[in-house]
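Take a look at these structures.
One chain, chain A, appears in both complexes that follow, with chain B as partner in the first and chain C in the second.
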Partner chain A sequence: MRIVFLIIMIVLSTVVLATLQATTPPYAMLTGPIMTDGRQGETVAATTFSAQIKQVQKAKTLAWDQFGRAVERQSSGTWVIVSAELQAMRETMPVRGATIIGMSGRLYHQSQRAQAAPNVLSAKTVQPGLPTTGIFIFEIPEEETRNMVLVLSRQYGPQLEDELHITLEQNGLVSRGRLEIGKNGP
Partner chain B sequence: MLKPISRKTNKALLTKLLAGIGGLLAAAISLGYSLYEKRQAEIIPQVAIATPVDAGRWKVSLNGGVTGGEMPNGSHITPGKQAIAIDMVLENLSVESANSYRHLIKLQNIPDAPMPQFYLMRDKDILWDMQPMMPEVVKAVWQVPADLSLPKELRVMVEGETFKPRDNLYAAPGWFPSGSVAQVALPLAPAPAAEARP
Partner chain C sequence: MAPDRERKLWWLSLLSLPVLVAAAFGINAWRNIEEYLRRSESEIVTGTDAGSLDYAGALWRLEKVRLIGDGRDTATRFPGDMRLVVVRLVATAHDDIGERWNQCQVSLSDDTGRRWQPLDVTLSNDISRDLEPKVDPVKGCGITSLAPPKRNSAVMIEEKFVVPADAASKLAVRLSFASSRPKMISLPLGL
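Showing the complex of A and B:
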């Protein structure tokens, strides 16, 4: 009788401990970002900054002038150019972390190949009270450009910091062969 | 009075014996496993040129080696150095943009090879992030001393990486080195014409 009771207790405690271990949130999740969700067109605001997506465009070729020299960048997929307005709430801050979650759930960071283009937002700093407009440029495969979600943060891999998740509209997605990026954006 | 004592000693003996057998078994399994692992690690498949190699985080096919020539972006080679370049097609198999391809390829028969610089041939510029599912033609360039006599055939090792959903320290997801996955013998050809300029 006592043996049976002992075995039951051991099994029970094993189950309880296993459940506790399996449901413990990992460190990465505990210290992860503080997410705010929203949609394209509306102002999505977190405590430290807010963003409003004006327009999303697709292009096969990007072109701009760099030190008076024409630069062209082709892609095997497509370029996605997101025009946005950013506002800082409390202090001067950059918004360097910009990622598009594609159709398959893969994460596409801003393309470094187009960081020298004019008006790129990750090269700017956002001052409180001064709305800053500009663009984010991504290079992604054509089939990933449906159901895109834009993720913005102060830098990549934010910990206990704000992160905006903005669902991008598919209806307004303009596609072009070649897109010139001027001083004031595309 | 005698009987219980003898039963007790018997039991103690049995316990000790079982513990001993368990210990020996554990040691034997551990030794066998480490021997097996070492044997497995020694067998690195030889792969032909231009064959795609799955290295966990990256898929790479090495298409040939070139000596001499200039850097693909037109910058000059450091005086007293010469360039060894490998042409390849590189693809990011992970779910996120990444630029940690620097440790992917090791030169076996070049002593003290430095870290290579990768160039994106589409732009003829330095390669930064590789986007997932977007293979690109890439050139990796090593700058080695000019007086180093180069072998006819470059022996190259492709290093793998493996994904752990929870690492041992922080229980955070990440990519970790998993040893060599393939070796390739690349013939080294001199670069075409570009150097003939005065």
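Showing the complex of A and C:
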């Protein structure tokens, strides 16, 4: 009788523990970003900052002037240039984390090859009350440019901080062979 | 005798387990609370734009405030609502500062709770040289805190901020150090 009781208790404990383990959210989810969703064209606002996507362009070649010297960057995929306006709500902050989720679900961070281009938003600091405009530049495969989602945050991998997920409009995607980036953007 | 003692020890160990787990959580939580208080600025000591405030071993007063960008202070006009605020503070040490000025935080805030952080050192020094080419830039709080003034001597610090024009009249400068937080001082700019 005692053995039966022990077996029942062990089985019951195992079931309870397995249930607890299966239903406990992972640590990464508990301390993950606070997400706000929106679409291109509208102002997507979280608690600490907001963003409005003005335009999305594609190009095979990017060009800009750096210290009086012409710089040109070509891509075997395509460059995606996102023009945006950012606003900080509470305090001075950068928006360094910018990622595009492509058609396949892969994540593409901003291109290091174009980080010296003028007017790049991740190099700026956003001040409360002063809307800041600029661009984010990505280099991604052509087939990934459908149904893109732009993810913005203070820095990459935010924990318990705001993260904007902005769906980019396929119809509004402007395609160019070569795109010149000036001091005020493309 | 031996089994009785063993049984007692077994029960003692079992009963002490929840106490030890609770103590471990408590110690960890206390450390986190201490760290949070060390970072936060929840206790504000407000001064007047003419008076001095005693804080972190020194008397602090607002020496000079400049609002640049609307064409009045200098001919410079910034686009849109952007304005540059240059704040100079003077601290007269009445005590040995030592390491009490570590992790200096300076910011501007308005009546709605918005906060502006100072410009970085390189940009700040570039602006100083543009404004006064023949004068060495005044050091910011971070650099000054590495070599604080001796007792009974004074030091001036300067920080620059980019703010919107509509906030300028409501701004106050806030200053705090790790050793004195959560206490901080706030001096209205009076622009």
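The definition used in the following text is that the second predicted complex is superposed on the first by the 177 of 186 C-alpha atoms of A that agree within 3 Å, B and C clash if a C-alpha of one lies under 4 Å from a C-alpha of the other, contacts with A are read in each partner's own complex, and residues count from 1 in each chain.
By our rule, a residue touches a chain if its C-beta (ideal position, glycine included) is under 8 Å from a C-beta of that chain, and two chains touch if they have at least 3 such contacts.
Please read these numbers as outputs of a predicted model, since none were measured by experiment.
A.B. asks: Please determine, from the superposition on chain A, whether chain B and chain C clash or fit.
C.D. replies: fit
A.B. asks: For A:P26, using the defined touch cut-off, is the partner it touches chain B, chain C, both, or neither? Pick first, second, both or neither.
C.D. replies: The first partner, chain B, only.
A.B. asks: Touching A:T92, do we find chain B (first), chain C (second), both, or neither?
C.D. replies: Touch partner of A:T92: chain C, not chain B.
A.B. asks: With both complexes superposed on chain A, which partner does A:R106 reach: first (chain B), second (chain C), both or neither?
C.D. replies: A:R106 contacts chain B only, not chain C.
A.B. asks: For A:S175, using the defined touch cut-off, is the partner it touches chain B, chain C, both, or neither? Pick first, second, both or neither.
C.D. replies: Neither partner.
A.B. asks: Under the stated touch criterion, which partner chain does A:I140 make contact with: chain B (first), chain C (second), both, or neither?
C.D. replies: first
A.B. asks: With both complexes superposed on chain A, which partner does A:G129 reach: first (chain B), second (chain C), both or neither?
C.D. replies: A:G129: touches chain C, not chain B.
A.B. asks: I'd like to know which partner A:T14 touches here: chain B for first, chain C for second, both or neither.
C.D. replies: In the superposition, A:T14 contacts neither chain B nor chain C.
A.B. asks: Any idea whether chain B or chain C touches more of chain A?
C.D. replies: Between chain B and chain C, the winner on chain A residue contacts is B.
A.B. asks: If you stack the two complexes on chain A, which partner ends up touching A:T43: first (chain B), second (chain C), both, or neither?
C.D. replies: neither
A.B. asks: A:Q66 contacts which: chain B (first), chain C (second), both, neither?
C.D. replies: Neither: A:Q66 stays clear of chain B and chain C.
A.B. asks: If you take every C-alpha pair with one atom in chain B and one in chain C, what is the shortest distance in Å after superposing?
C.D. replies: 17
A.B. asks: Using the superposition on chain A as set up above, list the residues of chain A that contact both chain B and chain C.
C.D. replies: none
A.B. asks: Can you list the residues on chain C that touch chain A in the complex?
C.D. replies: Within the complex, chain C touches chain A at residues 80-82, 107, 113-117, 162-164, 166-167.
A.B. asks: Show me the residue ranges of chain B that touch chain A in the complex, using the header's touch definition.
C.D. replies: So the residues of chain B touching chain A come out as 95-97, 120, 122-123, 125, 128-129, 131-136, 166, 170-173.
A.B. asks: What residues of chain A sit close enough to touch chain C in their complex?
C.D. replies: 89-92, 125, 127-130
A.B. asks: Taking the complex as given, what residues does chain A use to touch chain B?
C.D. replies: 26-28, 73-74, 76-77, 99, 104-109, 111-113, 139-141, 144
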